[in-house]
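Alright, structures below, take your time with them.
In the two complexes below, chain A is the common chain; its partner is chain B in one and chain C in the other.
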Partner chain A sequence: MSNPLQSLDPRINRLGVHEVTPETLVPKTGLDQFETYEAFLQKREGAKYEHVGPVHAPNEEMAFLFAKEQYSRRMTCVGLFVVKTDQILTTPFGPNDNSIYDLLPTDNEVVSGDPQVWEVFHLKKRGIQHHHVGSVSAPSAIVALTLAKETFGAERPVVNVWIIPESQIRFTSSEEKAIWDTLKDKKYRDAISYKVQDRIDRYKQGHPNLQSI
Partner chain B sequence: MYGGGTVFENTGFKEIQQEDPALLAAFQERIDRGEKIEPSDWMPDMYRRQLIRMIEQHAHSEIIGALPEGTWITRAPGFRRKLAQMAKVQDEVGHGQLLYSAAETLGKSREEMINDLINGKSKYSNIFNYPAFTWADSNVISWLVDAGAIVNQLANAKGSYGPYCRALDRICAEESFHLKYGHDAVVHLATGTPFQRKMVQEALHRWWPPLMHFFGPPDKMSIHTEQLMRWKVKMASNDDMRQQFLDMYVPKIWELGLTLPDPILKKNLETGKWDYTEPDWEEFKRVINGDGPCNKERLGVRKQAEEKGAWVRRALLNPQAKYVQPLA
Partner chain C sequence: MKPEALKELIYKMADDLLILGHRNSEWTGIGPLLEEDIAFSSMAQDKVGQAQNLYQILHSLGESEPDIVAFTRNAPQFHNCQLVELPIGEYDFSLVRHFLFDTADALRWEMLTISSYEPLAQVAKKFQGEIRYHVLHAKTWITQLGSATEESISRLQLALNYAFPFALGIFESSPYEKEIIAEGYFGGEELLKEKWMEKIKSVLNETQLILPDEKIITPVLGGRVGIHTEHLQPLLDEMTEVVALEPHAEW
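The block that comes next holds the complex of A and B.
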């Protein structure tokens, strides 16, 4: 093997990094980056949960942690939940000025079995995020969608609907809410903590010959 | 935020001709009305491919861009700077994750994107093929590379693809910290001891040519991008973005009495545009094609990190796992 690459960075030199050559490539195979989960966030008590985006994770607990880092690290948050992407029933997208519920075929499927709780999310407009509208109790996702139409179908516009089984959701427990309490002493991450104009002005006063524009 | 100077492939007029003209026209009308496109909406194949390429390059730029700044975390001067430098690098890596997910909604898996980064098929922002010699270099990156990227990304956030816009909105919200932090750090050196001032002046001279390359080749040299602008994939021309960057930041550099290595750089009062010496575009091509001071190191480091983590990921993988593309 060739000699390790030389870097300005002593840490990199200690790693003994080699040049990438075609014969050393080991392409990743499927699932090296795990499954995807969708994350939903509540900004303050009483506010609606909103979809914030996906994370890749090997299990629910790690999905929750990654989502916490990715989506709530820098903003106010009081609640977060994750659910595996494949657990979400999605409708097709409808036109922007109408309700997708009106375009869905009426399904009179007879399903027996115990009802469970389904959380319903609407997208009002392409380009924004899905928000929570409420929940319904039904024996299947399809029946839940029909009930969602009866219960929340008056809203206009709705371009897309998601139906999520509550039993598959990993919620924030009440003890966990403390994870967001650390945010207050991290002022160094806020633009507002950096005020340079005074320093520039003082320097200019002390150096009247600086090039001026 | 590190995106900029995206390399597009030729928009292939022929391929667009093969799309259904009615669908194509309806698609264009939606974009003209300012509607966003979501993953399951119909889109021309060329739109999909160019977006994957652009968002993927942006994601790689965030990840690779964290390397020259990450280098300086352990040697940052003081605890406060170290905390801020770490927070910034963490933000950038998070941006990479958001962008990989946005690209993934178009049908390219994260595994394929990482493969293509390491095998050299996908590009990342060329500026990260240059080394950060000193702490001042790291500060110039934080301030001016991020400033350049903000110009580019604020424009792109008004683009047509929903998941990319959502990712950019999140990213831009964090960027203002990077810019202010970088400016603060540069001002600190520029108004400090003669040695500090010399250090930041030298770093600025080193980074100026790559910064001029940052937005990509001049419009007259760029491949045909009109179609991309009509589709709101590309939102501003390379030269327009470069002008905007010069307009916003050259005065802030000059006000500190720092110089830039371009004798003809000045704002032309008649045209309202900046005159500048064209940077060496041959060098740009050479570096982007692999022959820059840090290309090998950046990819080597990335490859090693992926390989060293592989056993952990394998150990964590649920044997029943099935891949599903993220939703939005």
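The block that comes next holds the complex of A and C.
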């Protein structure tokens, strides 16, 4: 085998990575991907949960962890939940200035069975995120949508509606809420706290050949 | 007040956090997947931040400035357990170490919330949020990989077998153990170890991993009194490389 790759970064040298000469033509390997979950975040106590985006993960516990890293790192957060993408029921998208509820056929489906709780989310316009509007109790998703229209249908505009069975959601436990309560005095995490421009300018003044940089 | 006993207690906690924080930061940019890269880097910063808080307390007890204490000592003057100085190895080892150490760390800080030394009790409350996440992170990964595939299970098992004797070194008893307990600074290493064994067993029980039998294992001791592996000094040299170039630079 060839000698390990050399780098100026000592950590890379310690990995002992060898250069691999690729063969001319090889079959493209299939994608080995995790299933997706959607993450929802609450910025402040009492604020509505908002959809923030998807994560790939092998299960909901890992999805929760990844969502915490990906979506709550750079903003204030007091709560987070994840749900498998395919557990979300979505209506078609409606026009920008109206309510999708009004365009859906009324369904008079008669469903018996035990009611469960469904969380309802609205998208106010394209390009922003769905936000939580409330929950309804219904024996099926279709009945839940009808109830959602009765309860939250006055809002305008509503471009798209999501209905999610509450039982499928991985919420933040009350014990876990503390994970966003971190030390405040860590300015060194932000590039902006390193105020060096004046010192760079001073240094350049003393070194005229550096002026052009 | 028993300042020598207090300092001994705080030095070893601070050094553990600084050294493990530095080790974990070595994953920055080369983590096995993006979220893990971020998670390890973020937890590394938390640990270094916590170490800084503790060096600050030591400073108030008459020790040098935090930066001096962190960046100008050599290996024999460090009180961290040997577990935290071991190279990051492969991700399986880093993960198992993170689980073993952080579980002990969380329990230690929980015990310290009732410390009779007020500054320690205060930071113990301040650190709760960060530590709770570190433990959640460790537990989630160990539970996942500890029962996922043959490869993930055997990798974690080998890492666990290797790390466990070093992990027992976390609880190396202090020469001031009696005073530390009697003064109410901290409940003591022996009690901490009992709680820790119970906790890691309960997590490992949810996996296919087997905890090595404590009775037939010799703990790796010495870290608390400055005896270290050959890995610590090179770590310190690397960590202080930039400071050493320009010791009086302003940042």
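Here is the rule we use: the second predicted complex is superposed on the first by the 161 of 213 C-alpha atoms of A that agree within 3 Å, B and C clash if a C-alpha of one lies under 4 Å from a C-alpha of the other, contacts with A are read in each partner's own complex, and residues count from 1 in each chain.
Definition applied: contacts are C-beta pairs under 8 Å (C-beta built on N, C-alpha and C of every residue); 3 or more make two chains touch, one makes a residue touch a chain.
Predicted model, so just to flag it, every value in this text is computed and none were measured.
**Q** Identify the partner contact of A:T182: answer first if only chain B is touched, second if only chain C is, both if each is, neither if none is.
**A** second
**Q** Taking the superposition on A as described, I'd like to know which of chain B and chain C A:K28 touches: first, second, both or neither.
**A** Touch partner of A:K28: chain B, not chain C.
**Q** By the touch definition at the top of the document, which applies to A:P105: first (chain B), second (chain C), both, or neither?
**A** In the superposition, A:P105 contacts neither chain B nor chain C.
**Q** Pick one for A:R11: touches chain B only (first), chain C only (second), both, or neither.
**A** Both partners, chain B and chain C.
**Q** Given the touch rule stated above, what does A:N59 touch, chain B (first), chain C (second), both, or neither?
**A** Both partners, chain B and chain C.
**Q** Have a look and say if chain B or chain C is in touch with more residues of chain A.
**A** Partner with more touched residues of chain A: B.
**Q** Is A:E69 touching anything from chain B or chain C once the two structures are fitted on A? First, second, both or neither.
**A** It touches chain B and chain C both.
**Q** Is A:G113 in contact with chain B, with chain C, with both, or with neither (first, second, both, neither)?
**A** Neither partner.
**Q** Scan A:Y194 for contacts with chain B and chain C and give back first, second, both or neither.
**A** both
**Q** Would you please give the residues of chain A that touch chain B in one complex and also touch chain C in the other complex?
**A** On chain A, the overlap between the chain B and chain C contacts is residues 11-12, 15, 55, 58-59, 62, 69-70, 73, 186, 188-189, 194.
**Q** For the complex, which residues does chain C have touching chain A?
**A** Interface residues on chain C, with respect to chain A: 26, 30, 35, 38-39, 42, 45-46, 49-50, 53, 87, 126-130, 132-133, 136-137, 140-141, 143-144, 148, 238, 251.
**Q** Give every residue of chain A touching chain B within the complex, in rising order.
**A** 5, 7-9, 11-12, 15, 17-20, 22, 24-36, 38, 51, 53-56, 58-59, 62, 69-70, 73-75, 84-86, 88, 90, 92-93, 96, 125-130, 160, 162, 186, 188-196, 199-200, 202-204, 207, 210-213
**Q** If we count contacts the way the header does, which residues on chain A are in touch with chain C in the complex?
**A** The contact residues of chain A facing chain C are 10-12, 14-15, 55, 58-59, 61-62, 64-66, 68-70, 73, 175-176, 178-183, 185-186, 188-189, 194.
**Q** For the complex, give me every residue of chain B touching chain A.
**A** Checking each residue of chain B against chain A gives 35-38, 40-41, 71, 74, 80, 83-84, 87, 90-91, 94, 97-98, 101, 104, 109-112, 114-115, 118-120, 131-133, 162, 165-167, 170, 173-174, 176-177, 179-181, 183-184, 187-188, 190-191, 251, 254-257, 259, 296-297, 299-301, 303-304, 306-307, 310, 313, 316-318, 321-328.
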